[in-house]
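Letters A, B and C mark the chains in the order given here, with residues in each chain numbered from 1 onward.
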């Protein structure tokens, strides 16, 4: 079972060209910040290395950080421009019993990151859900379409903080 | 038993009006479509199990809407599901009745304020006869809802038409 | 002479007596043999995560009940453990023991529904009635404690809402005494029934490597041969004080990891839960269950991932706090959502009737698939 410092050392030695950021001081869970375009190479290494062997992806969550500029759009509603969104990957190794949290930061206006479905099949529906509710594009995903909302929902991505509800959907009134 | 008990010992003639006879036949064997959506469906299954038996009122679950009289909408109706509920209702033959069970299908339930994908009450797509409140309603509450529906059918008239679908 | 054949697309729609809720399966068939299965979900999406962002921390607890409505105590426990770690409070021992008793009773009730409806899907209706008869006795126990049969709002942040009823321990012991022979009767009726074995053995075999790669947890993973249970491998609450086994699939009637194994692991888990309840009742300490409940709940800034072993698998809550009285973001890792992805792999090459047997053994609840 490896500790956070040993895992960080292994990553630093193997990927000298990638700029990681290590946060062992984070209060409840230490995490590693990885640049968005390198996440699939790092994850492949984490899964196949014989000392680390992270064979299971427990959870993939997207969070809207809501830290841009608040402006008013033509209809008078308050929307946000700029800012970031974060994606958190929880990894675990069943053989060695260690866990790791990896974080990726993307832009809020046009979020896009590489998919890890080819590494862990578990990520398939998690990434579809992140696309459906936040609008994050996953490159190289085998089948990226909406999963929870109706397939013809054209009013945006609901879990963003500045989402507005439509009045009617196919003849049914949506608000109370 | 009851209505027919003493009639046949004297003579084999039963005198009643057609309305009473048809209404009695309809309310004593209401076959329901097995349509459980969410948590209220578990209470509906518990009502059909042996402790709070549904079968003694003549209610049998049927898998297809084309062979049933009553649809019990139990659980939250979402926008994606609402169009399918309407299609199921239209597939049922007349005379048909609707029981709305639980507070999610009455008025949207606990999701009324911030639910962006929840239909606030199934009566926005189909006409409802009886509303059973509760979250989830106890099996005894569902049985009372069924008895109220039976009372409504008992005083129905076969010459006057019910409200059409809006 | 060759005959032109074509594949047919058959829709097992959202309303179906055997899909355990509103699930739509799109089957592509070559005659009677399945070539592809595409599940469509979202018919019960009730916006749980949006509600978490506007409600305060205690107000979220009734909404967590309604996700997996057959294992409500487990849902509340997972959320409350996460928030208590963020706040850094320690609950009294009596509270921990009562939480374990409630969670294990809930596990038995949930497995009874899974077994009863699985038998009803295969065609045996009587075990369904027997299972629901036993389940009513467990729901009686819950009702005298907190007043509700299905959705409780009982486990609060820092404690419980009510203490145990004075008759609870006596009634629980009576229930356990009468449940053990009922379990033997259920085994004779369904588990070792020749027709049931023919329908479920060697159907839907799940190899262990595939299961780990797809993120499967719970009885499905244990049936494929791996002894992995969060109550022992990542202990929470007071589970380390009890002595119980972890049942694992052994391929007794067919191959390791088939549908019969998944079903039998659930039956054995009910016996283990009874052991835990007996030990917990014997060791129950005294104390006050509401003394540690804080007046104002405002956790510091940070994020945490807490997980519990629900009857269907690993339920995880990823809670992000920004220092105010409502959570900033709550993401739920629902076990049925992840387990349902395996349907395409398992059903290839089987017949249409086997799809029902496989879906029943995966044991999903649509409330937590769609949240």
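Everything that follows uses one rule, which is that contacts are C-beta pairs under 8 Å (C-beta built on N, C-alpha and C of every residue); 3 or more make two chains touch, one makes a residue touch a chain.
Remember, it's a predicted structure, so these values are computed and weren't measured experimentally.
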Subject >> Touch-based graph of the chains, sorted into line, ring, star, complete or other >> reply: complete
**OP:** Could you compare the number of C-beta pairs in contact for B-C with that for A-B and name the larger?
**Re:** B-C
Subject >> Most remote chain, CA-based centroid, reference being chain C >> reply: B
Original post:
CA centre of chain A versus CA centre of chain C: separation in Å?
Top reply: 26
Original post:
How big is the gap, in whole Å, between where the Cα atoms of chain B centre and where those of chain C centre?
Top reply: 30
Original post:
From the C-alpha centre of chain A to that of chain B, how far is it in Å?
Top reply: 45
Subject >> Junction residues of chain A, two or more chains touched >> reply: 148-150, 158
Subject >> Residue list for chain C, restricted to those that touch at least two other chains >> reply: 42, 45, 47, 50
Subject >> For chain B, residues that touch 2 or more chains besides their own >> reply: 80, 116-117
**OP:** In the complex, go through chain A and note every residue touching chain B.
**Re:** 148-150, 158, 163, 165, 169-170, 172-176
Subject >> chain B residues within the chain C interface of the complex >> reply: 33-39, 41-43, 45-46, 49-51, 61, 63, 65, 75-76, 78, 80-81, 84, 88, 110-111, 114-118, 135-136, 138
**OP:** Please name which positions on chain C make contact with chain A in the complex.
**Re:** 41-42, 45, 47, 49-50, 53, 85-86, 212-215, 226, 228, 233, 300, 302-305, 307, 314, 316, 318, 320, 328-329, 331, 333, 337-338, 340-341, 370-371
Original post:
Mind pulling up the chain A residues that touch chain C in the complex?
Top reply: 26-29, 55-59, 61-64, 88, 90, 94, 97, 101, 120-122, 124-125, 133, 146-150, 158-159, 161
**OP:** Could you pull out which chain C residues touch chain B in their complex?
**Re:** 13-17, 21-22, 42-47, 50-51, 54, 62-63, 66, 69-70, 113, 128-129, 132-133, 135-136, 149-151, 366-367
